[in-house]
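A, B and C label the chains in the order they appear, each numbered from 1.
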Amino acid sequence: MGSITLRNVSKVFGEAKVIPSIDLDIEDGEFVVFVGPSGCGKSTLLRLIAGLEDVSGGEIVIDGKPATDAPPARRGLAMVFQSYALYPHMSVRSNIAFPLKMAGMDKAEIDRKVADAAKVLNLTDYLERKPRQLSGGQRQRVAIGRAIVRQPKAFLFDEPLSNLDAALRVNMRLEISELHQQLQTTMIYVTHDQVEAMTMADKIVVLNKGRIEQVGSPLDLYRKPANLFVAGFIGSPKMNLIEGAYAEAKGAKTVGIRPEHMVLSHDSGSWTGTVTIAEHLGSDTFMHIEVDGIGTVTARANGDFACRHGDRVYITPDENRLYRFDEKGLAL
Amino acid sequence: MARKVSTRRKLIMSAIAWTLGILIFFPILWTFITSFKTEAEAVASPPSFLFFHWTTENYAQVQERSDYFLHFMNSVVVSLGSTFLGLLIAIPAAWAMAFSPTKRTKDVLMWMLSTKMMPPVGALIPIYLIFRDGGLLDTRTGLVIVLTLINLPIIVWMLYTYFKEIPGEILEAARMDGASLPKEIVYVLTPMAVPGIASTLLLNIILSWNEAFWTLNLSASKAAPLTAFIASYSSPEGLFYAKLSAASTMAIAPILIMGWFSQKQLVRGLTFGAVK
Amino acid sequence: MATTHTHSAARLMMAPSVILLFAWMAVPLGMTIYFSFLRYNLLMPGMEEYTGFLNYQYFLTDPAFFAALTNTLLLVGGVLSITIIGGIAFALLLDQPIFGQGIVRILVIAPFFVMPTVSALVWKNMFMNPVNGLFAWISRSFGFAPLDFLASIPLLSIIIIVAWQWLPFATLIMLTALQSLDEEQKDAAEMDGAGAVSRFLYIVLPHMARAITVVILIETIFLLSVFAEILVTTNGGPGTASTNLTYLVYAQALLQFDIGGASAGGIVAVILANIVAIFLVRLIGKNLEA
């Protein structure tokens, strides 16, 4: 019902080629996350799919039908904006009802659907309020409510959680994931936060400078990053990238080791180093270590591992989980 | 965060502010009080501030002797007429510049602003001659045309700064929600634009009501708005202080009240959005 | 959003405003320039002839022109100084916590809404009149001879009247600027050991710099064209003691019917105003990008 296909899609703003050429298939019911640093073209790509921007070249197929030239309203998609874009002069009820009213649905039907959506989103008590009387999280839910009542072929989310505080963000992340479980509708979600991407996505699309760096499931990307960019972008703390003699000995330009793939010890190991900073999170301890002959490395240890600034420690990287990259940054 | 301020300091500051405020306001207050005096009391020395025989006969006499109502209506017609005509012309322009700007939009705006800076004497003579030959001198139509044109840049600018503040994402949301252009305008844009349009309307009525270069030069009697009518008191009738005061009070009261309601918009409108 | 047909629609929507304003600017200006090169008096119709720069020569060498130019500059400068200094003072005062702040604000703003002819007449008759005016009564009560304001200090009297009208404008804009100053900035300065005076000089005044510039430039535009106040109080007199450029051009055109000479004067006024306008456009243009 809600498959989306991009063929050779490009976008040029004046002189700037924001998106040179992109091919992408999104299956019906998938939760796809576009992730990348700011300015990578992820929002532009979403807006091209939405029809808010005209493509400069290529075609967009939604649900098997060409949609390249269709206006936004005809594409059957719903969008949740970063600023929520609620209509400030309308009550919550009218905001949610607006797309149905535009579709010319009859009054009773609208009321029923709005009530259903409000129940799902815990907004029943707020239906008569104006957006400015709501908290950030509530506004977010109204924006989602406005999207779900139309039963769109797909939902588009443009960095929807970036205006919320950290605790609320975790909550809303769960709510959106649950919503996806319930509705089983295609969702495309844009974010610059790799944690959101990892936790929510069925499929992640990593974008950089308007190009797709890699497409895959969260664990695919974590386990088999196609190149240095993806390796550095997915995973937290970041993968350690080591160049020089050590890398050459492994037959690569760059070697990557994730912080969680190192064993720390006070007694023995293959590398030695001095702890510069130890961040104790309780469950884990992240250590920044100046390793002799290698450089600065981040390592994760169990929260019980005792250490502090200035300690000498031994580190043993897990040789089976090394990532090797060639001159061009591609995985070997 | 409000700072802690001692009550004594607050009292002293209040006393100073109130004294100066009343001093500034005094000419208006004095005009208002004088309008209820008899002519003899109005010029009495020492002047009486409150304890005199209050009378409203000046108001009746102003109307009787000079057909005040005609001039009042001239002011109403001219200021409302030029404001609505101006809005009619300016709304599409401001709309287009705010919602589909091009590289030249800024230049057009700056150019419009610059037209406002031409001193009226640069245009007085040709406009006077054109009006004389076209039979527009001393007509309401003529004044409406001129006031529309002189205030058009301010109207366009003010509307532009208001429209600019309507977030683009909301219009996009409406488009995603399936609103066609006419529906987008009716249900989303208009309700969000109305406050800005209302502020512009208010400020422009004030400016047109008080405009005193073109109205003085292009009207004489028939179409003279209150600015020009009051000017006729400059001599020798101006010596009738009580009647002058009554006429003045009636001329400024409606605008004073409107003005007080539009303080904020006034700043924005008169500084072309440079100070908000 | 940006599609070709919306752009042509936008152009169509802007057309009426642009065309009307262009006509309003170009036609009269063109005619004024044309007239300024003619010997053209309304009392002698049909006698128009080309005279080259003679009108400009007459206008610029007329002693009245220098008087008017000086008066214009004094009027603009005088009103500006009073309103800027007074405006800052009032704004600082109104920004303090005081009782009935809203009402005081309304009182201070009121003069701006009084039409020029009314304020000029009220001041002229009820305050500055040497016999019946309030000022005359005050000076008599103190045993002084009343001053005939408009006869002995005509220009200063007009400056006072006009400053009274524009003080609210300056105050309002300064106050708006002042209230947009981040309180935390002032707190930070206080923590850094800045006293009240230093805070004003280093934090408040720089923050208001733009508002002050805006007030100066916008008032200048309006003050260059002060007309009604002069017309109903002094008629430019005695002699040319209170004639400004605008009034001079008016007098030449509509009292002496010398269209050619008045047009030349009008063009001179336009050139002067443009010098000011260039600065204003720059300033606001810069703000537009921000």
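The rule we apply is simple: a contact is a pair of C-beta atoms (placed from the backbone, for glycine too) under 8 Å apart; a residue touches a chain by one contact, two chains touch by 3 or more.
What you see is a predicted model, and the numbers here were worked out from it, not measured in a lab.
Asker: Just the chain pair, please, that has the highest number of C-beta contacts.
Answerer: Result of the pairwise contact count: B-C comes out on top.
Asker: Using CA atoms only, can you tell me which chain is the most central one in this structure?
Answerer: Closest to the centre of all protein C-alpha atoms: chain B.
Asker: So the centre of each chain is just the mean of its C-alpha atoms; given that, what is the distance between chain B and chain C in Å?
Answerer: For chain B versus chain C, the centre distance works out to 16 Å.
Asker: Hey, how far is the Cα centre of chain A from the one of chain B, in Å?
Answerer: Roughly 53 Å separates the two chain centres.
Asker: Which whole number of Å gives the spacing of the CA centres of chain A and chain C?
Answerer: 57
Asker: Touching two or more other chains, which residues of chain C qualify?
Answerer: Chain C, residues with two or more chain partners: 1-2.
Asker: Pull out every residue in chain B that's touching 2 or more other chains.
Answerer: 172
Asker: Could you say which residues in chain A touch two or more other chains, in rising order?
Answerer: Only 52 qualify.
Asker: Can you tell me which positions in chain B touch chain C when the two form their complex?
Answerer: That would be residues 1-3, 5, 10-11, 13-14, 16-18, 20-22, 24-25, 27-28, 30-31, 34, 43, 45-47, 89-90, 92-93, 95-97, 99-100, 102, 106, 108-110, 112-129, 149-150, 152-153, 156, 168, 172, 206, 209-210, 212-213, 216-217, 226-228, 230-231, 233-234, 238-239, 241, 244-245, 248, 251-252, 255-256, 258-260, 263-264, 266-267, 270-276 of chain B.
Asker: Sort out for me which residues of chain A touch chain B in the complex.
Answerer: Spelled out, the residues of chain A in touch with chain B are 50-52, 71-73, 77-79, 81-83, 85-90, 98-99, 101-103, 146, 150.
Asker: Chain B touches which residues of chain C in the complex?
Answerer: For this pair, the touching residues of chain C are 1-2, 6-7, 9-11, 13-14, 16-18, 20-21, 24-25, 27-29, 31-32, 35, 90, 93-94, 96-101, 103-119, 121-127, 132, 134, 137, 140-141, 164, 167-169, 172-173, 176-177, 180, 183, 187, 210-211, 214, 218, 221, 224-225, 227-228, 231-233, 245-246, 249-250, 253-254, 259, 262-263, 265-267, 269-270, 272-274, 276-277, 280-281, 283-285, 287-289.
Asker: Using the touch definition up top, name the residues of chain B that touch chain A in the complex.
Answerer: So the residues of chain B in touch with chain A come to 167, 169-170, 172-180, 183, 187-188, 191-192.
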